[in-house]
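Several structures are given next for inspection.
Both complexes below contain chain A, partnered by chain B and then by chain C.
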Partner chain A sequence: MDILLQLAISGAIVGMIYAVIAFGYQLTFATSGTLNFGQGEALMLGALVGLSVFNAGISYWWVLPIASVFGALQGFFVEWVGVRPAMKIKSEFGWIMSTIALAIIFKNVAENIWGRDDLRFPSPLSDTPITFGDAYIDPMGLAVIGGAVVIMLAVEAFNRFTILGKAVVATANDRDAAGLMGINTRWVIALSYALSSLTAAFAGVLIAPVTLTGARMGASLGLKAFAVAIIGGLSSGFGAVIGGLILGIAEKVTGFYLSTGYTDVPGLLLLLLVLIIRPAGLLGKTTIKKV
Partner chain B sequence: MIRWNQWSALLLTSVALISLPWLLPNDFYLHLAETILIYTVLLYGLDIVVGYTGQVSLGHAGLFGVGAYAAGVLSIKCGLGFWIALPASMGITAAFGILLALPALRVVGPYLAMVTLAFGTIIQILINEMDFLTDGPLGIKLSKPLIHAHHLSVVEYYGVVVLIFVLATIVMNRLVHSHWGRAFEALRDSPIATDCMGVSVYRYKVLAFVLSAGFAGVAGCLYGYSEQYISPNTYNFDLTILFLLAIIMGGRKSRFGALLGSTIIVLLPKLLDDIHSFRLTACLLAGAVLLGSVVSIRRGITTLKAVWIPVLGTVAIAVVSFQLEAMTDWRLSIFGVMILLVVYYLQDGIVGFSSQWVRKLKLADRMEQSIPFAAVDVNRAPITAQSQHSSEPFLKVSNVVMAFGGLKALNRVSFSVHRGAVLGLIGPNGSGKSTMMNVLTGLYKPTAGRIEFKQRDITGSDPSAIALNGMARTFQNVQLFGEMTVLDNVLVGLHHGFKSGLFGIALRLGRFGRDDQSLRERADRLLTMVGLQHHANELARNLPYGKQRLLEIARALALDPELLLLDEPAAGLTAADIVELLSIIKVIQAAGISVVLIEHHMDVIQAACQHVIVFDFGEIIAAGTPSDVQANPKVIEAYLGA
Partner chain C sequence: MKIRFQLAAAAVIAALSASPSHAADTIKIGVDGPFTGGSSSMGVSMRDGVLLAIKEINAKGGVLGRKLEPVLRDDEAKNERGVQIAQELIEREKVVATVGYINTGVALASQRFFQEAKIPVINNVATGTAITQQFADQPTRFVFRNSARDAIQAPMIASEAIDKRGFKKVAILADTTNYGKLGKDDLVKALAAKGITPVAIEQFNIGDVDMTAQLLRAKSAQAEAILTYGIGPELAQIANGMAKINWKKPMIGSWTLSMANFIETADKNSEGARMPQTFIQEPNTQRRKAFIDAYVKEYKPKNGIMPSPVSAAQGYDSIFLLAAAITQAKSTDGDKIREALENLNAKVDGVVTTYDHPFSAADHDAITDNIPVMGEVKGGRVVYAYQADAEKGSDIRLKKKK
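Right, the complex of A and B next:
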């Protein structure tokens, strides 16, 4: 029983990171019907920029906002170069390929700047685990879970309570109508990309002390988050959290009882299973396509 | 139909390929050529998904790997050789295709890309992990195929690859020019209309992906025996991207484009490896783009604003190539920039781009003569006559409710249609007429109520099943397959008449030929009826609006319907067009086909309908003969306001 609790805790830590990235996919998918196949790279860049800033002697708690600002700028850039021109091509092909191309470039640039080896990001919190019963959690793990919840709530609050956020929601509901109401929908799409990369960069700085940091850390996280976004539903923020927890815990359990080599398998299986049983995702809404 | 010049192109290519070992007696070049051909077979398959159905697969390297490993595992674990492994690889990979496509294609959106991306990654991990089956990271060694206890030589195996390449080309050509190929193209242009023509979009999307996986499996098996070594790390994500790049760069929906794309991706890495050859290529490319742009601008085909980015991009790559000492560090970035340039500026590939360029150059010289449209000809109309009137209603709608959230677009609607009758549906905009039609044809599942068609409950059935059951329709906002020819549009409507399966198509069995000939004649007569026989090879989107509406009717009649639903057929038509439309409706009615007609033109309703029902706010407010209804005060109020 205790081992299960321990697995659940470590699953929850990584699951919350998946959830934040999946949440980022949802933001852009809602406004533009596109998503950034380089979201994992946005996280990776956030973490590495954060590391450089940290090494320059700035406190970890200042690194978080600085990396977030960098993430937002990176998001604007992706939208400007990779999505806006591609949306003129009336096929999914354009934006999928262009965001992948940008991801390849980002990864290569990161390799050339920070090297190919994984780097250690020192933990800002004490290493003494907090124990309850026989299970324990690192203070940093707790910070990851807390931080992930905070950033998602912050974006939700932005969408609900600010006029700019309302423009995002309006565009998500009906892009054409929002455009006719005088909302600059192209700008809103750019904003959603900025928000999405911002959350990813934030998540990158959070997770970096728990795992290692390096140019190759993004790809696998971005991929898992795809699974989470589909499992939870591409239209539900809460679904992303549920999906992230399910996948994170499923992976740890598989890794412990089967073999760590198979950790990545439950993602695909759950993905296919959800698509068979509930194609819109566990908490996603089934929409009727208007003719 | 495969035209003669296609056969001669294929013959020429095969002769050139077969003579290659004598022209270039060098194992290295032979192996390059072999790899190009194998990749081309895979690209044919990828083209079905990406080019024809417009879906994106990010798992084709994974499927390629499944094909190779199927051959490898059969050899080391079961001792089965190449000749059994080849069809087995195809079958096993196709089975993986089914596993992915069935769930992923249930939803519209980028799901296939996401699922196949996950598959591509995980299959690599599985191959590494499942060493009891695959020998894990060690990989599998294979020896060349056996014939009569003799291992094929490198040249002989090359001959086998050429043979399979030629067969794959023929099968692919036949496939895309068959009713299956038309279904793939149609569902890309308008999935809704495809479903309403009795061609299930979901079924054909899955079919396309499975066929595609089959091609990947064959290619994988050939590749395994070509390299004689199968290792898990070959089949990675970069290879998938390379395949996709090849398809766009070469040109979609073109056999030659696939071959060209494959050649580029096989030769390109060799070029990028060496700094000198890379510099040369980059300069040549920049020169070609610059020259092409200058010529185009001077001929007035394009503007400076449209070409400055690709010109600058290619020149920048050329300049950068001289700055870089070692290529290897920045290889991937250059690769990424190339993908961006290709996606934005070479969408139709080299094949599509050059044919467009040539056409534009010609057009700038002389304007093409336009052919006048023929008149509508309703004599000997090719409509299958239905049994005449009967007293029993054969479409019965009872208490149908259609709610979108809180809004009830239809509220307890009931009516019925008798055989051979023409029923008019009128009402102000937004009163629920089109919603009714979408519910009847299965595009919307009604919230409550029941629909019986030919005494059978069809509530909640699939649109394609309802269409095949004898209900055809046109659309208020024209839903033609714009990128297909006028003739092909009608042939999609005739899809139900083609009975051949994969083998019939690939082998051109007698039945396929007979079906094809008789249905093409039928299509021709349908086009003559609507006056489009001289424009059969024109793209549907190039027709004037009124003619597009007539084409939709011809396409709907191709289904041999018993009930035809016309959604505002006269909208946007000229007075002369409306007269022609009325004569067509008369013929349809004379053949005993029942019609439900939504229309705002009261003269059309007066002329065509015996019975009219009036909708307002999702409810029926009046019913009767056209004159009765027009005099009804409720109707006047609904239209003009109190």
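Right, the complex of A and C next:
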């Protein structure tokens, strides 16, 4: 039993990381129907900028907001350079190419600034594990889970309770109608990109002490989170959490009970299954596209 | 077609007329290793050791009255980069010989080009047993090595775990690269020779950041020690992973447990890890003291600790072996250098050992199983694991004669 609990805990930590990034995919998809394929790179940049700020002697808990602000600016930039031009000419696929291109550029820039080696991000918390039933959880892992929940709740609260946030929701519901009501939908889309990169950068600083920090840390996380967004449904924030937990725990359980050589398989099988049975995702709303 | 022919002819003429005069200037030596990425602490240390040796030799007038010129290339630990570099070093740079190779996979993919071009390669870090056996079916072989091959390291690891520490149940954790897979096979073989079957054999990928599943399998199989075959960053994840699930068992593994990025990233979780080492950063002979002092002065490593002392020492020695062979061959012809390496008359005074006929036509490995010692991570650096070895550290361990 303690084994299963231990697998669930470490699966949940990884899963919540996937969930936060998947949540970022959803934010931009809701307002504009586009995705930032550089979401993993936004996380990587957040972590590396965070590391530099941290090394300059700033306390870890201040690094989080600073990296988040950087993430927001980076999100604005991606929207401005990569997405807006494609939307303007109503290109169906232009934004896919441009966000992927930007992701590659960010990775190369990061390699040149911070080098290609993985760097250590010192943990701000004690690394003595906490007993949790028969299993153990390290304090930073707990912080990852907590932080992921907090940032997702914060973005949800922003959307629900502020006037700007309501504009985001209105744009998500019906972009044309929102535009007619006097909402500057272009600005709202930019804002959603900023929010999505902000959550990614926040997550980057959060997981850096658990993993290692480096220019290549984003790629595989971004891809797995994309699978999570599909599994959970692109229109459901709760779906991202469920999808993240399912994938994270499935990886660990397969690793233990089947073979550690097959950890990536169950997630992808699940992805295929969801696409066949519920294409909108486990908790996603099925939308009818009128032609 | 005609133009292309003329171009080719022009190139041939240019090459013919340029090469003798150019070659008279310097002796070009290819230096290939991963200078960036997860293996870089080995690659950079090897490179620095090589450069230090070249500087010393050139200061004394070089070889055959000519200076040695290193041609440095970063293979990023990628097989395909290694292949490109091998071709470039042979075709464009026209190197006389090449030293380097940190990653077994890269070495196996790249050195066939040198074998075909009849240009000697001295592997100074890569340890895959297959490396010096790759062209066993050919009459002359151009691949040499002065690192401790896995077939030596694996029995040392097994003997440390089973004979010296008395463990009965051990788990193997190895990565999915050529290095990890071949090393794991050697380890299984070495354990079988002692009548031990590992209770768990687990794999992990380069870049994996969570080892919980692997460690829990080892734990539920009641392993008493973890035997590893991987490189720094992932080894650190194993050490940190054990702390996370509060299950701390001794780590014994291949020499990569001495890598700086393992010790730094795992920090106090790296304490006590043991691994075979051909060289410990301990100035116990004059030769070694001079080498360590020069290295620290020239490259100023953090806290005065070399990122990978073994790589630096073997890199350094590989150049002296090569220089001795070129001197004896009185030529930069690849085949003559190979012959000289296989029958080296001069004793080469290196920092790992003193090389007395290190190679023969049949044996291209300079290191035998009596040369490496067990090292242990202590206080952020690698020291002798056994006091007896430390006390006899100044005795040079010579290659066993058959």
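Methods note: the second predicted complex is superposed on the first by the 281 of 291 C-alpha atoms of A that agree within 3 Å, B and C clash if a C-alpha of one lies under 4 Å from a C-alpha of the other, contacts with A are read in each partner's own complex, and residues count from 1 in each chain.
What we mean here is this: contacts are C-beta pairs under 8 Å (C-beta built on N, C-alpha and C of every residue); 3 or more make two chains touch, one makes a residue touch a chain.
Quantities reported herein were computed from a predicted structural model and do not represent experimental measurements.
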item	value
Overlay on chain A: chain C relative to chain B, clash or fit	fit
Partner chain in contact with A:Pro129 - chain B first, chain C second, else both or neither	second
Which of chain B and chain C A:Gly33 touches, first, second, both or neither	first
First (chain B), second (chain C), both or neither touched by A:Lys252	second
Which superposed partner A:Asp138 touches (first chain B, second chain C, both, neither)	second
Partner chain in contact with A:Gly261 - chain B first, chain C second, else both or neither	both
Touching partner for A:Ile104 - first (chain B), second (chain C), both, neither	first
Which of chain B and chain C A:Val210 touches, first, second, both or neither	second
Vertex chain A angle, Cα centres of chain C and chain B, expressed to the nearest 10 degrees	100
First (chain B), second (chain C), both or neither touched by A:Ile3	second
Shortest span in Å between Cα atoms of chain B and of chain C, once chain A is used as the common reference	5
Chain B and chain C contact sites that coincide on chain A, given as residue numbers	220, 259, 261
Residues of chain C defined as touching chain A within the complex	36-38, 40, 76, 176, 202-204, 207, 209-210, 212-214, 216-217, 219-220, 233, 236, 240, 243-246, 261, 264-265
Touch list for chain A against partner chain C, complex	3, 6-7, 10, 13-14, 115-118, 120, 127, 129, 131, 135-138, 141, 210-212, 216, 220, 251-256, 259-261, 263
Residue numbers on chain A that touch chain B, as the complex places them	33-35, 37, 81-82, 85-86, 89, 91-94, 96-98, 100-102, 104-105, 107-109, 111-112, 219-220, 223, 226-227, 229-230, 234, 259, 261-262, 264-265, 267-268, 271-272, 275-276, 279-280, 288-289, 291
Touch list for chain B against partner chain A, complex	50, 54-56, 58, 99-100, 102-104, 106-111, 113-115, 117-119, 121-122, 125-126, 128-129, 192, 237, 241, 244, 248, 329-333, 335-337, 339-340, 343-344, 347, 404, 434, 438, 443-444, 475
